[in-house]
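The data blocks that follow each hold one structure.
Next come two complexes, and both contain chain A; in the first it sits with chain B, in the second with chain C.
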Partner chain A sequence: MIVAVASGKGGTGKTTLAVSLALAAARAGVEPVTLLDLDAEAPNAALLLDPVLEERRTTGIPVPEVDAVRCDHCGECVRLCRAHALADIGTSVLVFPDLCIGCGVCTAWCPQRAIREVDHVLGTLEAGRAGPIAFAQAQLDPGRAQPAPLIRALKAWKMRASPTGLTLLDAPPGASCSVMEAARGADHVLLVAEPSVFGLHDLGKAVGALRDAMGLDVSVVINQSVGRDDAILRFCEENALAVRLVLPFEREIAAAYAEGRSLLEVRPACEAPLVELLLQLRTKEQLA
Partner chain B sequence: MKIAVASNGPHWSSDVADVFGRSPYFLVFDEEAGSAQVVANPGAGITSGSGVGAAQLLLDHGVDLLAAPKVGPQAHKVLSEGGVRFCFCKGMQARAALKEARREETV
Partner chain C sequence: MKQLVVLSGKGGTGKTSIAAALADLAARALRVVLVDADADAANLGLVFDHTETSVRPFFGVDVAVLDPDLCMRCGCCSDACRFGAVLLGDPFSIDGTACEGCGACALACPTEAIRIEPHRAGSAICASTRLGPLLYGDLYPGQESTGKLVAALRDAGSRAGRETAADLVLVDGPPGTGCPVLAASTGVDLALLVTEPSLSALQDLERVLDTLQHFGTPAVACINKADLHAGLAARIRSFLRRRDVPLVGEISFEPAMRDAVERRVPATTVGDEVLTRNLERIWRRVREALAVPAARRTAEAS
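Moving on to the complex of A and B:
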């Protein structure tokens, strides 16, 4: 079973939930348990899990390099590039690697065969273990603009569908293409929402992207609840979203998080409801 | 010489656009022919790459001089290496921007 944890708003507790689900599943005997940190711009699940990272590779996208001698400035590559990563100024073809999506169309289509692909490094992928949990993360290099290819590469490298196991995808915040890339292929998406006007607003955007646009199975976990969840519960009811769990806002939990300690360390009682949540998702899958 | 003005609308009474790449129209004035052309910018609404696309559009139309507000670094590279000169203008009608560009050019 593959479960993505996403949110819309940042700081609602995606990583807290993903790490806690991984730990709870491993303790309940689920095997294998894998956690992929796909928040490539700021991966921080490793701070809670403290894994040993044994494997490391850089990843990028293939970007075009134009042979000035062969190029006859027909302009075909510029017309075909939907990312606008190429411009033909008549005397040379300019390439903008930060706009390129690495689709390879220009290279394949060039009538003069004047284009070859060179690697444009975007960041690093790392993998290892934290006890029983297989862990991997993507890290975008500073100044780079495209996290989605790194997310795709990490999933291709380490995501395995297993009928008995559990793979957790810790998505970036927001509702943009990198979130959609992170959640793609998930059997379920848990949206972690905080009961504030900001949390509610961004929850709506995430539902729009992941359920309405992508057709994924989406349900909600409310975090940082202080018992005034009316607005968010109403939203979930009106939009046919199951609320699977409500986690409280408590100073002690926040303090532990700030020290890089997991939720289950300070609230071992949360383990049972987390396992129950996973069972709900599995049951739903078997019924479907 | 061809002069392009980044414009919010298709008329010379329209306001100059706020951002070059997302400018909905370019009004192109051909000094030799004494004629004008409205060029719609197909990339006005895209999320990324609009500046480079708009710069290529102007090169394809043989523009020599651009009257526009802020031009992003990538579009600037395409335009300047493509031999297009700039006239910075903001908060005025396209007609006034054209006048301004022609005046600067003759100084």
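Moving on to the complex of A and C:
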């Protein structure tokens, strides 16, 4: 079972929930348990899990390199590139790797076969273990624009569908490209929402992208509740969103998170409801 | 006219709350333009009552459109697509949420069954608030062009700034370090980094700072929820010193910040004196770092 943990607004507790679910599942005997941190712009799950990272590779996108001898400046590559990543200045063809999306059109359609592809590094993938949990993360290099290729590469490398096991995808915040890339292929998406005016607005955006546009199975976990959840509960009811769990805001939990301690460490009583949540998702899957 | 972007790396540290408070303080003596560059989670408009003055269609990346009547299901398009956007069902179709509009499929199709078309992805909206113009975006669900939308909003913000002879364009940025953050911070005069005392906020602060320094953008920082963890607050202060990032102020963990969000008003207007003083201090030091005068000369301000 593959479960993505996402949110519209940032800082609602995605990583806290994803790590806690992984730990609870492993303790309940689920095997294998895998957690992929796909928030390549701000990967923080390792701070809570403290994994031993054994494998590391850089990854990027294939960008064109033009052979100045073969190139006859016909301009076809520049004309075909919809990302505007190429410019012919007469004496040479310039490549702007940060605009290139790595689609391969210029290389495939160069009449002189003067273009080959070289790797433009966008960031790093790392993998290892935290006890029983297999862990991997993607990190975008500073100054690079595109996290989506790293997300795709990490999933291709380490995501395995296992009928008995659990794979958790810790997604970036938001409602567009990188979130959709992270959640693609998940059996279920848990949207972590805080019951504030901002949280509610952004939850709506995330539901629009992941459920309405992508057709994924989406349900909600309310986090940082201070007992004023009427508006968000009403929103979930009106939009046919199951609320799977409500977690409280407590300063002690926030302070523990601050120093990299997991929710289960400070609130061991949360383990049972988390296992119950996973059982609900699994039951739903078997019924489907 | 100076441009300020508010960033954090980590989400949920209080970017929008602090941006709204600074906007409120700035607008008391200066002309401001607000740009909500967190287009995935545009919340600035929730704080300031506004009236839309213009709604422009926003076109994102182009998208492939497949005509099933011309398609002979050879699969050449799917072989050419590197983004897994061709769905090999019956009939074949394009997954718009995966398509990057590169045109590889259309070039590969032997029957010209695929066209690449411009695609409306949402709207860029200009609104008026009691502070000044507010620019924000509204992306349709499932669109991919956040960075491009942020760039369009920044352009519109600069234009509005010139038209209104504004002193300050205040940009509320997105979390992270990728494409929308780069679009939000290109060409700004200063970035204000809003952080909080946690290991993850510190790690993400370092990443966003590396990103800004990559492009030579100067930054100052403030610590929100500073009393949440004394040890980590101290680590953040020493990190900022080491990286020569001026600390322009701190705010303790205040229920008033949360109340301001619930009441949809800036935190400077909820009557918490200590909080207001701390926000005023941050604004004063940001203003000094930007070299913006405290107030317009009276002749201009009238």
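As a convention for this text, the second predicted complex is superposed on the first by the 285 of 288 C-alpha atoms of A that agree within 3 Å, B and C clash if a C-alpha of one lies under 4 Å from a C-alpha of the other, contacts with A are read in each partner's own complex, and residues count from 1 in each chain.
FYI, a contact is a pair of C-beta atoms (placed from the backbone, for glycine too) under 8 Å apart; a residue touches a chain by one contact, two chains touch by 3 or more.
Remember, predicted model here, so these are calculated numbers, not experimental data.
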Partner chain in contact with A:A83 - chain B first, chain C second, else both or neither: both
Partner chain(s) touched by A:L140 [first = chain B, second = chain C, both, neither]: second
Touching partner for A:A130 - first (chain B), second (chain C), both, neither: neither
First, second, both or neither for A:L38, with chain B first and chain C second: neither
Which superposed partner A:A175 touches (first chain B, second chain C, both, neither): second
Chain A residues touched by each partner, larger count belonging to chain B or chain C: C
Touched partner set for A:F96, first chain B, second chain C, both or neither: first
Doubly contacted chain A residues - partners chain C and chain B: 83
For the chain A and chain B complex, residues of the former touching the latter: 78, 83-90, 92, 94, 96, 99
Chain A to chain C touching residues, read off their complex: 8-12, 15, 39-42, 44, 47, 80, 82-83, 101-105, 108-109, 140, 142-147, 172-180, 184, 194, 196-198, 201-202, 205, 208-209, 212-214, 226, 228, 251, 254-255, 257-260
Contacting residues of chain C [partner chain A, same complex]: 9-13, 16, 39-41, 43, 46, 61-62, 80, 82-83, 97-98, 100-104, 107, 116, 139, 141-147, 174-179, 181-182, 196-200, 203-204, 207, 210-211, 213-215, 225, 228-229, 231-232, 253, 258, 261-262, 264
List of chain B residues in touch with chain A within their complex: 43, 46, 48-53, 55-56, 59, 74, 77-78, 81-83
